[in-house]
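Just dropping this structure here.
Should a chain be cited, it is by its letter among A, B and C, assigned in written order, with residues numbered from 1 in that chain.
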Amino acid sequence: MWFDIDPSLSMPIYQQLVHGVKEAVARGVLVAGDRIPTVRELASHIMINPNTIAKAYQRLEQEGIIVTMRSRGSFIAENLPASSREEGRQAIAGLLDKVMIEAFHRGVDAEEIKSLVQERLKKWEQERGSR
Amino acid sequence: MLDLAININDISKSFDGLTALDHITMQVPYGCVCGLVGPNGAGKSTLIKICMDILRPDHGEVELLGENPRWKNRVRERVGYVSDIPGMYPNFKCEEMFQLGSKLYPHWDSERCRDLSSAFEIPATRSVHALSRGMKVRMALVMALAIRPRLLLLDEPTAGLDPLFRREFLQVVMDEVAGNGTTVFYSTHNLADLERAADYVGCLNNGRLLFHHPLDEMKGSLHRVQMMVDDEQVLMIQNRLPDILDAQRNGRLYSITIEGNWPEIEAVLNNLGSFYPEKVNLSLEEAFVSLMRKDGYNFKLPLHSERNDECFKEVAP
Amino acid sequence: MNELAIYRGLFWKEWKDNGRLFGLGFILIAWQNLFYPIFHWLLTRNGTSSASTYFREWALNLRVIMNPGDFGTGPMVSMGIIMAIAFGVLLLSHERSSSLEFLVSTPVSRKEIIVGKFLAGASALFGIMLIHTTLVLAALFIGPAVPVSRLEVAQWSVFITVAWICLFSLSLLVSTLCRNFAVAGIATLMFMSLPGIAGQFACQIATHFFDPAGKAALKIYNVMNYLQPWGLFTGQGIPRKADSVDAGSSFYIMVGSGGELSNVKPLFDGYYPYQIAALLIVTLLFLSLAIWLFNRNPLERKGDLLMFGNFKQVAIIFVTFLIAWVRALDSASTLLAFVGYFILYFAAIYILFILFTRFIALFRIREWLSR
């Protein structure tokens, strides 16, 4: 689930939650208009400090990923904003670095990586298309 | 200040000449969950008991919800207290304990009490002395929540209890925080729970407060870095980065725990030459161990691995 | 929440927690006077001829209880003294083991805790005596005529109730000083005999330095003896005509002794109002002192026997005091001998104690080394 978080990671919990929701939206697990649990529900469900959850929701709302309506709860926004381009590029680059390290140790060369990326992209597109 | 749920001001306490608390000052704002950690005998229970005015400090003052409980006992109407071994009247039945609670606390919520005690499966007609410790803690928690608290003081409530109950306990407390904005101040040994539940962390060692920070801030300011080094580079790193809390070397692999701003540290390390500094995960537990070591908590167990350290060095290229 | 509601809650709690103790107190105190009239009633119903003789016997016994000239306090008064002490000691010290921390963490002040306990214990003693007296008066109304005045019984009951409550407040006061119920009980007995000890001491000083004839000593002795609870109940200390006190030889530490006492009628009659007023004032004094002390109780003292000070030191001084005094009684010049003996024995006992603890420590080290 998107709220599966690991408190023992160095990354603060609210960031993990923000990431989790973003990832769920990207994967299509959460779609526009889906209701996400209230702070109270989530806090007692996953035993996380409600202030932390509120902070994460606040961040998500600032970024325009969720919309909070009084008395009805929070929902995934209809028009998802494109996140800042430079920020996105940096995040992807960081992830690719890890891929490269792993590839080096496993003896996968550059061409193979490229073709793999192509393949994954195609599969991803298909998955999203089918939803 | 008005917006503080707990204001501990310069508290000192000694028992028969032994210092248990040494000028502790800490503040907990409303609506926060503040965890208190530290080794056994660090003074956590003493601090909480002083907050409840069960023990009297030698020096300093405590304010709960803006009032000193010593002069204004009624402030405890809104303060729930759960200790690790809850003391209750052994001859009373559970329902009679609840009845006593309803007589002593003006904001007693009997509906909440009934709901919670049925959820926790508290045997209403059984005597308190026949209850297990876990059940007593449950009872104390139910009573602490039924008073409609604005502040909960929990003294190692889940120590030695089964993980299932720890889970229930956390869930109930988190629900209380989320639903009523209750402030929670609790001491624990369980860092995993603490990481989930707390926004503030205070650490006591030998009666002194080592630090008292927001948890996120603490996580952001403590880092563990691994890199490949030779002897010369180790010296250079130690010279340039004096804030190293903890360092371990295993052959060419050098791992340091350091406090500070990450980009700056990274820049310093990169300037020293290329030895691939890599930031690795630092759990709260490891962070605490490092901080305690820095404070002189140097208990060395005669472990077998210590003796093998030299072998490691020889094997290393 | 207002204070009244808190007191009501505390009162409820004390009765709930100690109801059995109070019930036991009732049975132990009142059994004698309950049993006799009921027995009499049964006997009259069966038409046995000995019934009225039986009742007469009971009434005379009641007289003895109320007017104890010699040593005849009867089981009722002594039981009352014991129960009053037991209430005071148990109400507080049995809570110290576990539940006091709970009680102190509720929105109740320490003053309210002590006052609540006082109200519960006092009401128990009052209730016991009320039931008892009502039954006795009823028996006197219904039964055959006996030479016991009902007014006398009523007055005596009020007096004895107040005296018990006073004693109860003393034991409550002492148990704010002692953690353990046994220590508190013993300490209460000691406090009770303090006036007697002090009186005998003053008596010795007076005879030795100022008044070899022993007239002043007799007065002091009588006054102080009267202040002892036993003296109060039995009237042994009331001034009487021909008494010779052989100062320095036949004093006893324990209360209620005094082998040289002759048959004297206690002067209770006509003095009740003053005695009751004085007892109530003393009760209030004890109670406020208990509140003051309990408010300063360091509750972290869990292993200690005393709430303040060092038990070992207090015990050493007390034991030395007793031994030196007993030794001094034998010698001719009592006061000087006492001071000398006190210093000597204190040094000796202190050194012995230190050697003893060292010896134990040494023993432990040996044990530890041999492991």
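We take it that contacts are C-beta pairs under 8 Å (C-beta built on N, C-alpha and C of every residue); 3 or more make two chains touch, one makes a residue touch a chain.
Small disclaimer: the values here were computed from a predicted structure and weren't measured.
Among the remaining chains, those touching chain A and also chain C are B. Compare each chain's C-alpha centroid with the centroid of every protein C-alpha atom shown, and the nearest one belongs to B.
The most distant chain from chain B is C, comparing centres defined as mean Cα coordinates.
The mean-CA centres of chain A and chain C are about 77 angstrom from one another, to the nearest whole unit.
Mean C-alpha position of chain A lies 30 Å from that of chain B. Mean C-alpha positions place chain B and chain C at a centre distance of 49 Å.
Taken in their complex, chain B has these residues touching chain C: 15, 46, 49, 52-56, 73-77, 81, 83, 86-92, 96, 100, 103-106. For chain A in complex with chain B, the touching residues are 7-14, 39-40, 43-53.
Residues 1, 5-6, 8-10, 12-13, 16-17, 98-102, 104-109, 112, 298-300 of chain C are the ones that touch chain B when the two sit in their complex.
Note for the complex: chain B touches chain A at residues 31-33, 167, 170-172, 174-175, 177-179, 192-193, 195-199, 215-216, 219-220, 223-224, 279, 281-285.
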